[in-house]
C-alpha cells in the first residue's frame, strides 16, 4: 500500500504536500518523497522514513514550486532500499517525467521483461518504474495519448499522480481498485490525493472521486478530464475494512460508518454472552462499538495503544523484538480482570498477533476471550496493492474456523459473512473487489500467481 | 511534565531504557536522554526530540552499562534549549552524579539565589539542577544522608531517579505529587518509573508505588528503603484526568476506570437530550464512553486523530500553523451531519482548541454541540509540574460557565462537580491535590506566585 | 572529473573502499558512493558530500560484501542533484548491474536520444547512465561481449569499474584519456583505481596501468584481460599538470617530477629578476620549486592555505562568498613585504582567482608580482572529462598574453611552451591529449561543440 | 590546545564566527561551538566534530546576534564527551555568562576541590569551568572586578573570551602563555582571536596582541583595557615550532620566518652530506626549506599528505588503523628511490610516527634517511595547554639522541640547539616558555605533576 498526493497551485506547494502526506502517513511508513516543478526543472527530495523525519527547514529552501506530487511508501515486496522510494523522476525525450503510484500491476513482470529485452534497464525494483517507462516510451508530444497507450498495456491496480512540464496529471485504473479523489479550493488550487483527509485539511470544497479509467490533466487552462475504456468497478473493500483512515469517504462508502455497521451486523450473526466488548485499536474500534451498541454489551477500552512507535534497530535481538511488540499494545488489567471479553478486530491475517494478544489478555485476568472479526476470513493473497502474505502464511487459507480458534487460543471465534459485509456498504450494487476473501480476481494475476509458486 | 525511568540489572540496560522511555513519551516530547553507568564512568546521551529520533544503533554502541536512568521532557518554562534536557550529569567531590526529575519545586528560585550568592553557577534553567546541586553539596560520604538533607530544603513536587556510583537511587516528595513506581523482575532486575507501563512492558512482577517521602537505594545488596518525614498525601488528580496513560494505576487509582466513571457521573449531573456522544480523542474517550453508557445515548467517533504528527518548522507561517491544527483532528462529516452532539473532553484550559473544534464540527454539519467536561473548571495554575498557563490565560479563571459557553460557541457547557470527580476515584479518603481546580496549595507556592505577577 | 575504485577480495571490502575513496577525494568532492555485492544482491549507499561525511558506523553494518566499487564525483554539468551521484545500480534481464565512471563521452547525447526514441528513459543527467544502458541492452549472457558492443558505440573518455554478478569488471577507452590502474596484493586481493594512491595505501605489489582499450574481468578464476580495438594513445596531460595527486604515476609519467621539471624548463624559457619564488599551493608548489632550484632564486611560502574548507550555505551573501575565498588562501605579509615575487601556478583558466590573489599580495606589500604558469595557455574546452568552462570564459581564448597580464594585474606573465611541457614528460613519444591547449581533438566532439553554441 | 574567537559588531556575527573558527580549525578538531547574544539571551550551539560539520543553514536561523564567541577544542585530558565542548554557558545571579578558553590552569584541581567542598558542582571535566565558576562567584556588579579576583586565583595559561550582558570580554594570563590578538575593522567591528588569521580574513586593520595580564571589555562605549599584575613574559615557543598557522604573527614573532630560520641554523649546526631535503608536511616544510636553502641541498616533496582525513570509526580494527595512518602520508617513490634523504620535522614526541615514516621511506627506496629536528628534544610535559604525553612516553625524556636514532631507524639524528632556536626568534630578550625542552616551569605545576605520578 501507498499514498499519493498532487497539488496544482499559484503559490508554493511544498509545505502543503508535506502536511498532506502527513495525513496519509498511515498508508505507508517506510519511505516518503516530494517532487516539485520550479518552473524550469523538477526538484526531488525523498528518502527512507516518516514524512516528518525526512523533511526539515533546509528541505523547503530547495523544494520551491507551484506544482508538486508526493508519496508515502509501505514496505512491500520490492525490498527496503532507498532506490525504491517514490516519486520517481526520469528524463526522456528531452523532458522530465515525475510519477508516484498507489496500487500494483499484475503484468509488470512481463512488461518489464519485454522492455528489458528491448534493452531497457530499471533502477528500482518497483512496478511504478514500468508505468513511468511506458509513459515515456509512448510519449510523442501528447501526454494524454501516452497515458492512454500506457493504460492499454498495464493491468491491475493503479492510482497515479504525475508531473509533466507545467501539468499535474492523474489517472486511475479502469476498475478503480485504489482510491483517488480530486478537489478544488476557492482560490483555484487543485488537490488530488488517495483519500479525502488531505483535501479537507489543506482545504478544498468540491471533492469528488477520480473515476475509474479517468485521466485528469490540470494546467493553466484548468482541469481537463478524459476517459480510457471503463470496466466493471472493483473498489477494494479492504480499504474500508482496514486500510483507509476512519474519516475516509471513498467511492461513496464512508469508512467509519461501514466499520460500525459491520460490527452491528456481526453482533446479530454471531452473538455471545459476555461482559465487555473490547476493540483491537485503532482499526477494530468502530466495529467493536457497533457490536456493543447493537448487542447492549458495554464497550470498554481494554488495550492501550502506544502513541509513539519504537525505532527499528538494524539487528534486533529476540528480546528487543518482544519489547517492541509489548510496547505497541498493553492490556488493561483493571478492565479485563475476571471479565468475559468480546474482542473485535478488523481482520485476521497470519494469526500470530491475535494469539499473542489473547495470551496476554488472559495473563492480565480475562476469564474468556471471544474473538469477533468484522471481515470474512482472508484466504487469498491480494495482487492489487495490499501487502498480504502468500497463501502458505494466511491462517484462514490453511485452517478451518474451529482450528483457527484453537490456534489463537480464543474461547470462540466468528467472522462476519460476505453478505453481511456487503450490506454494510449500503451500496445497491456490488462494486467491490473481494478477492482476498473469495479469490475472484477480476484482473487475472496469472504471472504473479506463478511467481508465488 | 516529564517522565523518568531507572533500571538496575545484571546485563545491559540501554535498550530497555529506550523502550521504557518510548512508553513514557506521552509525558514529554521536547527532549529525551539516557545516562548509564559503565562500571567506571557515566555515559550520557541526550538531545532535543522524541526518544526514537534521538537514539539509533550508533547510540547503543556507546551506551553500555548495567545501571541507567532516562528522561523525557515536556516543553515548559525553562525554555526550549538543549541544555535543559535531562538527565543532568555533574562532577563533585571526585564523584559523578546523574539525576532526572519529574515535578516542580516551589522554592527553587530562592534556593538557587542562595546558592548563586554562595557563588554557585547553574548551566541550565531548570529546577532539577537545584536538586542536583543540593545532593552534591550535602554529600559527605553517605548518599542517603545527602538526599535527606536535600529533601529538607526543597519544597514542592519531585519524583527523582539518580545514578550514583554503582547505585540506582530514587526518591519522592513527602506529598507524593507526582507518581513513581518500582517493580522487580524474576531475574532480580529492578525498574523504577513514572508509570506502570514501562514496568509491565519490560516485565516486572511485584509492582508497587514508591511511597511519598520514600528514599530507595538499589545496589548489589538489594533494595534498601528509608523514609523522610511524611506529610498528608497530595496525589495530583490531574494525572488521572489527563496526563497519565489510560493503563496507568498510580497510588491506587486506575486512570481508565476513573475517567470512565467521571463520564458516568457527569451524565447524571449534567444530562442533555442529544443524538450522539463524541469524544475529543484520546484523553476524552473513556469519559465519553462512560457518559454514553450511563445516558444510553450512542457513542460514536466523530473526530479523527492523526496518528503521526507534523514537524514544527522554525518559523511557521499562520497558514502552516492552521494546517498543523487541522491535521491533528479532522471532524467526520458523515457522523456529525445534522446530529445533536455531546462533545466530551477531559478539561478546558485556554478554550481556544474547544472553540476551533466546535466551529469546525458545526461547519461539518453538527446541529448542536453540547460540551461536557469530565473535570471541574481549571481556575488556578499548577506549581507542581503541570504546564498550565498563568491565570490570565485560564478561561475558567476569568469567565463564568455561561460566558465560557458563549466564547467557545457551544450550545451548552457543563463540568463535573468536585465531589463527583472525587467519588470517581473510589478512594475512601481525599488524598489528592486539586489545587488547579480550587486553589488549595498544600505547599505554599509563594515565590512562584510572586514571580507570576 | 571523478575518481573510481573497485576491489575484489575474499573478505569484506567496504572499509577499504572507504579509505581508498578518501585518497581519491581530490578528484571530486560533490558526491560519493559505495556499492558492494553481498553474494546475493547489490547494496548501494551514496549521497551528496565528502566520503567521510557520507559514511559512518551504521553504513558499514549494511555494506557487507567481498566485491565492491566506489566513486567520488566532481560537480559538473549534469547538475548538483543526488540522483547524479554514482555508482549507478540498475536491474535488467533479471540481473543487477552496478557501474561507476570517470571521463566524458562525446556522443552520449546522440546515443541517449537514440535510446530515448526507442522509449528508454533515464533517471540521471549523466553520461554514465548511457554506458550502463548500453551494457544492459547488449547483455545476452556474456558480459565481455556486452562491454565490447558498448565500446563500439561510445566515443570519448571513459575509465569504468563495474560490478556484475560475482565479477569485478573494468574497462578503459581505446585512447586512454583517463587513468586507471590495477594491482594485486599478496593475499590475492585485486584493486583497480583511478590513481596509484589507493593501491599503495590498501597495499598491492604489482601495480600496472589498465591499458587503453583493455577489458578486465576479475572473478574466482582470477584476472582475465581482453582488448577492444586500440587507437593512438591520448593520455590527458592535464592530469599531470593539475588534477592527479602529486604521488601519482600514471601511464609512465610521474606527476611530481613532471611538475617540477616544468618549473625548471620555464625558468629557462622565461627568466625574471626577482627576490622570491612563491607557489599557489598545492598544485603550483612542485613547479615553483623547480623554477626556484634552476634559477637560484629562493623559494618561500607566501600564501597560506587553509587545511579545512568552509561549508557552502544554500544562499551565501556576497560578503560570505568573499570570506570563503579569503579563508582559502591568506598572503603572508612578513614574507611578501617589499619583495619582487615570482608567482608560480599550474594553469590559468578564467583568470579571476589570479587577479584576486595578485591584488591581495600587493596589498600585503609585494613590490612586483611576476606570474609564471607551468602549462601553456588553456584556450579550448575539454570534452573528455575535465570541467573547463566554455571558450567565452577561458581568458586565454579571448586575450593575448599581454592583455591577460594587464587584466590580472601582474608585472609580467609567461607560460611554458608546448615543447617545454612535452619535454618535461620525459616520454620519447607524444602520447598525450593536449586538446585544451591546442584544440586537437582526437575524438571529434562534434555534438558537444554544437551544444555549446 | 584550543582556539577562541570573539566578535563585537553592529550586525549579525554568526557567519563571521563560523568562518573565523574555520581558520582556527588546526588548533582543535574534536569539538566546536558558537554562542551569541541576541540582545536578550545567549543562544548556544555546539557539538563534537569539525566546524563545518557542526553548523548548517538551520543553525544560523537560530544563531542570531551582534556579539558572539566561538571555540574549537582539541581532544585532551578531560575526555572526548560532548559536555566538554565549549563555549560554556552558565546562569548565576540572574545573569548569563558564556566563556571559552585556550590554555591550561595548573591549580584547577585544588580550586575545583575547594569549590566542590563548598558544595559547588561541575558539569564538565575541563578547567574552563573553574574559570567560569570563579567569575560568577566573584561577580557582584562589576565584571572587571570579578575577572581580576578570578585572575588572582587561577594560575597557569589562559586566553579567555567571554560574553556577559551586552559586552565582549577578553583576558590573558600575566605570563602570556597562549596567544590572543585584537583588531578593529573600519566599520567599528572588533574581533579578538587566538591568531591573526581570522582577523585578516574577516578584515580588521589595527591588529595588536592582547597583552599578558590585560583585561579588555568591548561594549557600546568602545574598547576598554585594564591590567592585572604583570609577570615576566612566557610566550609558548611551541606555538611557533608547531601549533600556530604558518601565517601567524604572535607576540612579535612570525611563525613562518621562525621555522625557516630554525632550518637555516640547524643546517649549520648539524650538516650532513645528502641528495635531497624532504619535509614532513605541513609543519616541517618551512624548516626543511631553510635547511635546503642554507645547505644548498635541493628541497623536494617526497611525502604526499592527504588533504582529506578519514573518519574515525567507533571500534576500528588494527588493519583499519594502519590504513588510516598510511592514508595520511604517502612516500613518493619516484623522488626517494636511491637517494640520501635529509628528513626535516618540527619535533619528535613519542617517536612512533617518525619510526613508521622512515621505515616506509626506506621501503620506497630511500638509501639513507638523516633526520633533522628544528626544535630541541621534548623532554618535559607541558602543563600550559599543549597536549604532550607524560614523561614515560616522551622518547627524548627516556633515551639519548643516539638511542633515539637507533629506535626510529634513522641514519643520523640531530636537533637544533636551544640557543639556535632562540636566535631564530630574532627577539632581543628571551620572553619564551621553553619548559617542554628544559623543564623550567615559571608557574609551578605542582599539583599536576603529583597527579601525573
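List of remarks:
Order as written gives the chain letters A, B, C and D; numbering starts at 1 within each chain.
Here is the rule we use: a residue touches a chain if its C-beta (ideal position, glycine included) is under 8 Å from a C-beta of that chain, and two chains touch if they have at least 3 such contacts.
Protein names from UniProt, one per chain: A, B, C, D = Amidophosphoribosyltransferase.
Keep in mind that what you see is a predicted model, and the values were worked out from it rather than measured.
Relative to subunit B, the most remote chain by averaged C-alpha coordinates is C.
Of the two interfaces, A-C and C-D, the higher number of touching C-beta pairs belongs to C-D. The mean-CA centres of subunit B and subunit C are about 59 angstrom from one another, to the nearest whole unit. Measuring from the averaged C-alpha position of subunit C to that of subunit D gives a distance of 35 Å.
Per-chain CA centroids place subunit A at a distance of 48 Å from subunit C.
Shared contact sites, meaning residues of subunit D that touch two or more other chains, fall at 56-58, 61, 314.
Here subunit B touches subunit C in the complex through residues 56-58, 61, going by the rule given at the top. The residues of subunit D lying in touch with subunit B in their complex are 44, 58, 61-62, 81, 83, 88-94, 97, 115-125, 132-134, 136-138, 314-315. Across the complex, subunit B is touched by residues 15-16, 18-19, 22-23, 25-26, 50-53, 55-57, 60, 197, 200-203, 245-247, 249, 254, 256-257, 260, 282, 285-286, 289, 293, 298-301, 304, 306-311, 313-314, 320, 323-324, 326-327, 330-335 of subunit A.
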